[in-house]
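Single-structure report; data block below.
We just call them A, B, C, D and E in the order they show up, numbering each chain from 1.
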Amino acid sequence: MFDTFLSDAGEYLPVLMQGVLTTVAITIAALLIATFLGLFWALLRVSGIRPLSHASRILTNTIRGVPIIVVLFYMYFVLPELGVSLNAFQAGALGLGIAYSSYMAEVFRAGIDAVDAGQYEAAQSLGMSRALLMRRVILPQAFKIALPPYGNNLVMMLKDSSQTAVITVVELSMQSKLIAAATFKSATIFTLVALIYLVMSLPMMYGVGKLERSLGSRK
Amino acid sequence: MFDTFLSDAGEYLPVLMQGVLTTVAITIAALLIATFLGLFWALLRVSGIRPLSHASRILTNTIRGVPIIVVLFYMYFVLPELGVSLNAFQAGALGLGIAYSSYMAEVFRAGIDAVDAGQYEAAQSLGMSRALLMRRVILPQAFKIALPPYGNNLVMMLKDSSQTAVITVVELSMQSKLIAAATFKSATIFTLVALIYLVMSLPMMYGVGKLERSLGSRK
Amino acid sequence: QQPIIKVGATPTAVPFNFLDVKTNALEGVMVDVARAVSKELGVTPEISGIPFATLIPSLQTKKIDMISSAFAKTPARAQAVDFSEIVLTYKEALLVPINDTTAYRNYDDLKGKIVGVQMGTSYVEPLKAVQGFKELKMYDTMSDLVRDIALRRVDAGFGDGPVVAYQVRTSASKQVRLVDTYQSQLATNIALAVRKGDTEMLAKVNAAVAKIKQNGVLADILKKWGVPQ
Amino acid sequence: MIKIEQLSKSYGAHRVLSNIDAEIRQAEVVCLIGPSGSGKSTMLRCINGLEQYQGGSITIDGERVNAASAGIRPIRQRVSMVFQRFNLFPHRTALENVMEGPVHVKKESVAEAKERAGDILASVGLAEKMSHYPSQLSGGQQQRVAIARALAMQPDAILFDEPTSALDPELVGEVLGVMRKLAEKGMTMVIVTHEMKFAREVSDRVLFLDGGRIAEQGPSEQVLTHPRNERMQDFLRRVMHTE
Amino acid sequence: MIKIEQLSKSYGAHRVLSNIDAEIRQAEVVCLIGPSGSGKSTMLRCINGLEQYQGGSITIDGERVNAASAGIRPIRQRVSMVFQRFNLFPHRTALENVMEGPVHVKKESVAEAKERAGDILASVGLAEKMSHYPSQLSGGQQQRVAIARALAMQPDAILFDEPTSALDPELVGEVLGVMRKLAEKGMTMVIVTHEMKFAREVSDRVLFLDGGRIAEQGPSEQVLTHPRNERMQDFLRRVMHTE
């Protein structure tokens, strides 16, 4: 039983590894997009300018309410009708990034809100402009607070990158489906894939935990 | 264009609504499981008993690292080999609940950690047992803190209930795929499905936001 | 009260097994076949939709007793399930954008092109083996593939003959063309499948299949759904 | 009532209390003073069983205080603690805060507990504020609720850890007034405080802690006006800001 | 230097400051005293442009303070503020806290700012603590860093909002000592405080605020020892706890 699993694993692993590369690449690309866009939404949200903060809230809540797969579908299949044609990888990274930007926005906003009000006053009182105040004083502290849920999102995003299979990105889960369809050893392959995702996420969680502690030690 | 959308929508909506019922039912069932199990993990984690808290951390991190689809696959196809045979709905609710319990555990743990240490001391000093202290003093406050990320998870869970399609639960997304396959009108159907998920999640977000504010007013 | 037989089908393949949007019930060639075979066996069919990826696990774990789906008989699959005699055979078809009027005949004509195929069909492995395509893209559903052909992100797409024919015939997509000069080379043999080692059941099913072939029931079903023999 | 013998307590290698001997008798008011970090809070926390100690013993009416045993719970019901930062339960009203212990720990009936809680709150001047949440009360009011919460347990003694130092200077008087009354009624109290005037006026005895040891002790009038210990003289000077 | 004319400020319908007139001259030390909620913090915050006001005007050397205009930023660089809860930047060391304003707001060179920041920290007795994070410092040390941070902006005046009330009583002396030296060197200061002894000793003038109005003002010695206003007499009594 376990022997067959190992020999099967040995056979499929090289093929799966190609999927892993794509999974990692698309996760990183989407992470960058989600982080910067999420930060942008969060900054709009706390800008203190009514229309902007409303717009940001409505937009992010809407994105949160829509399944990722639908976002991906629009990115890949509907956007071309508007003249923007992205390849599968681009559409996948952008779609996943936009979908997660809404969760990231919540996380950052909560982090920013959690920074002590006295910090704003101290920074203002030094004559800082709003932009400088955010950059030098609020955001560094907000990031620290936001780190654990950010890590949660990161792991979720890694796994949700599998949804890009729908728009023909050949990542890990797609690769595994192909093998499963060809060999019908679903149990083996699912187990293998679970292990691979686990192996990818554990260092992430570890890294986030470690970063959290190292930032925490200064507080 | 918009007319055809409306007439198509009118035609497919009744069929989709049956999927909606299943989606809602499975989300609620999974939510209950995830909440109680997540609370259980979190309580183990903060129990102060080393082996228990380690076990909880390792277990929840592992579950977090495994794709939900794999958890569902095991629940439905592998568990029967161990003599536990669940129907698709049960396996779906349980699998989704277990998968999300790990995220809920993180959320609750963060909430519990955020309660002021003075609250523990005050409760202890009244002669409260650890169980009473948790129930009457810490958890009510931890819930309040945990509410926003809990709401985030709730919305994510609603959408991830679509993954139970793999184990033959005919919920909204499955129903929509079937219609898309039969009618080839994917864009229409995906848009419709996005709207339905949105309509389901907006009240959730609103409710959580409202609860948050009403709890907040006492603080 | 007749005993029940649980039948699984993947309801995303018109006209073999799909959802009738009006009745919210499964319909199609293989659904009718399942009913006809059940009648011969003297059992009541209970047909449920099973995603393609979990068809075999469902059979193995007794969630279903028989697969009656557009599920091709292949040697690899025969290691996991027992197939009945072949019920029907069809071949692959080729789709291209409507304004591509080239008279493609075989793979060689498609060298340097981006080619799409639906996941789960029996063409995936053979097409992977072909040298010379610019790229081979895999789609979850035929309708996504058709959409990408229409968007010209894929130069040509392979699909099951009857599926493609039905789609081109019924769908609103006027932007793709069925290449009639294409010479199909991969026969897909559709058969029913039962659990591995259940020889008694297999024998009964084979007898029933032979019966509906012989008494014209199968022919009627194929005619009803417009599938050429 | 409270008897401390050779008490020693360390955090890791850091010794915080060394061989403390002290006895607090029924109805006695003892003030604990000393520089920051000298171990005053730690000593109170040990008496309340919130910390384990490594050496010596603490007994309450002969029963040994052991933070790790379940037996600590009944002892805590007899010795209450009032904290510097009040530590009221923010999700409960003033009345609910005061009823919490009697109803859920002592299992008194709600009706009875409610009546008594009301009486106690009235006695600390908060008859009007019973249904307010802590966030709706001033610091001085919050601390009085905290004292009421302790009193509702009908303890034999109350430990106060800097009960006024988180208060605005004007609100300090309210709380000291309540404590003064308790002292007059014969409540046993151990008070960590920096309010030297109050200590002199209210307490029977003063213990001066320095570096985890009792550096000086005696009747408050005498110790506070004529300290012999040099550290204590220096400490008093700094607290009074009479530099 | 700071001129306040007919200043009025409301939160919604709630009037917090009413027709305040006051002038603080170069090198003058003015203490602002009054009961909780009387508007002391609000007045300081208005001067620092942290709050908008509805009526009257505040001018710094003739320039009008307007919280909503960008012009407030250069004014804030000339009038610094020290907060009750220090509000140091927790993610930066003491030195970095002090350098933050000069480098990022005044665009001084890092080397120059660093040298001066070091000198200032040394002058408040923190030469040894430059690379400590705020969490590694005692309250009194943190408040001295906050004062150093304000000084590094080379302001013409410093506003202090209860700079010692979040400190342990023993640590208060450290901070008052630093402020006393600043006063001697001729720094213009407005100080909200409850330390009456300090006010009497250091300040030139005292303003007593009550219900958003200036109820009494004058030379500190005179006002604090012989208050004419009844409310002020009552207030002084309570702050001194001489009940």
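In this section, contacts are C-beta pairs under 8 Å (C-beta built on N, C-alpha and C of every residue); 3 or more make two chains touch, one makes a residue touch a chain.
The chain lineup, named per UniProt: A, B = Polar amino acid ABC transporter inner membrane subunit; D, E = Arginine ABC transporter ATP-binding protein.
Bear in mind that the values here come from a model prediction, so they are computed numbers and not experimental data.
Peer 1: Compute the shortest path length in steps from chain C to chain E over the network of touching chains.
Peer 2: The fewest touching-chain steps linking chain C to chain E number 2.
Peer 1: Kindly list the shared contact partners of chain C and chain D, in label order.
Peer 2: B
Peer 1: Rounded to the nearest 5 degrees, what is the angle of the rotation that puts chain A onto chain B, matching CA atoms?
Peer 2: Fitting chain A to chain B on C-alpha positions yields an angle of 180 degrees.
Peer 1: Centre to centre, using CA atoms, which chain is the farthest one from chain B?
Peer 2: The chain farthest from chain B, judged by C-alpha centres, is E.
Peer 1: Using the stated contact rule, I'd like to know whether B-C or A-C comes out ahead in C-beta pair count.
Peer 2: Higher C-beta contact count between the two pairs: B-C.
Peer 1: Averaged over CA atoms, how far is the centre of chain A from the centre of chain D? Could you give it in whole Å?
Peer 2: That gives a centre separation of 51 Å.
Peer 1: Between chain A and chain E, tell me the centre distance in angstrom, where each centre is the average of that chain's C-alpha atoms.
Peer 2: 45
Peer 1: Per the centroid of Cα atoms for each chain, what is the distance between chain A and chain B, given in Å?
Peer 2: The separation of the two C-alpha centroids amounts to 18 Å.
Peer 1: For chain B, jot down the residues that touch at least 2 other chains.
Peer 2: Residues 73, 77, 186-187.
Peer 1: What are the residue numbers in chain C that touch two or more other chains?
Peer 2: In chain C, the residues touching two or more other chains are 53-54, 57, 144, 147.
Peer 1: What are all the touching pairs of chains?
Peer 2: A-B, A-C, A-E, B-C, B-D, D-E
Peer 1: Which residues of chain A touch chain B once you look at their complex with the stated criterion?
Peer 2: Listed in rising order, the residues of chain A that touch chain B are 61-62, 64-70, 73-74, 77-78, 103, 106, 110, 148-149, 152, 155-156, 159, 162, 173, 186-187, 190-191, 193-194, 197-198, 200-202, 205.
Peer 1: For the complex, give me every residue of chain D touching chain E.
Peer 2: Touch list, chain D to chain E: 35-36, 138, 165, 168-173, 176-177, 194-195, 197-198, 235, 238-239, 241-243.
Peer 1: Quick check on the complex: what are the chain B residues that touch chain C?
Peer 2: 11-12, 14-15, 18, 73, 76-77, 80-81, 88, 165-168, 170, 174-175, 177-187
Peer 1: Inside the complex, what are the residues of chain E that reach chain A?
Peer 2: Residue list for chain E touching chain A: 48-50, 70, 73-74, 76-77, 80-81, 83, 85, 87-91, 100-101, 104-106, 133, 135, 146, 149, 153.
Peer 1: Per the contact definition, I'd like the list of chain B residues that touch chain D in the complex.
Peer 2: Interface residues on chain B, with respect to chain D: 116, 118-119, 121-129, 132, 136-137, 140-141, 144, 218-219.
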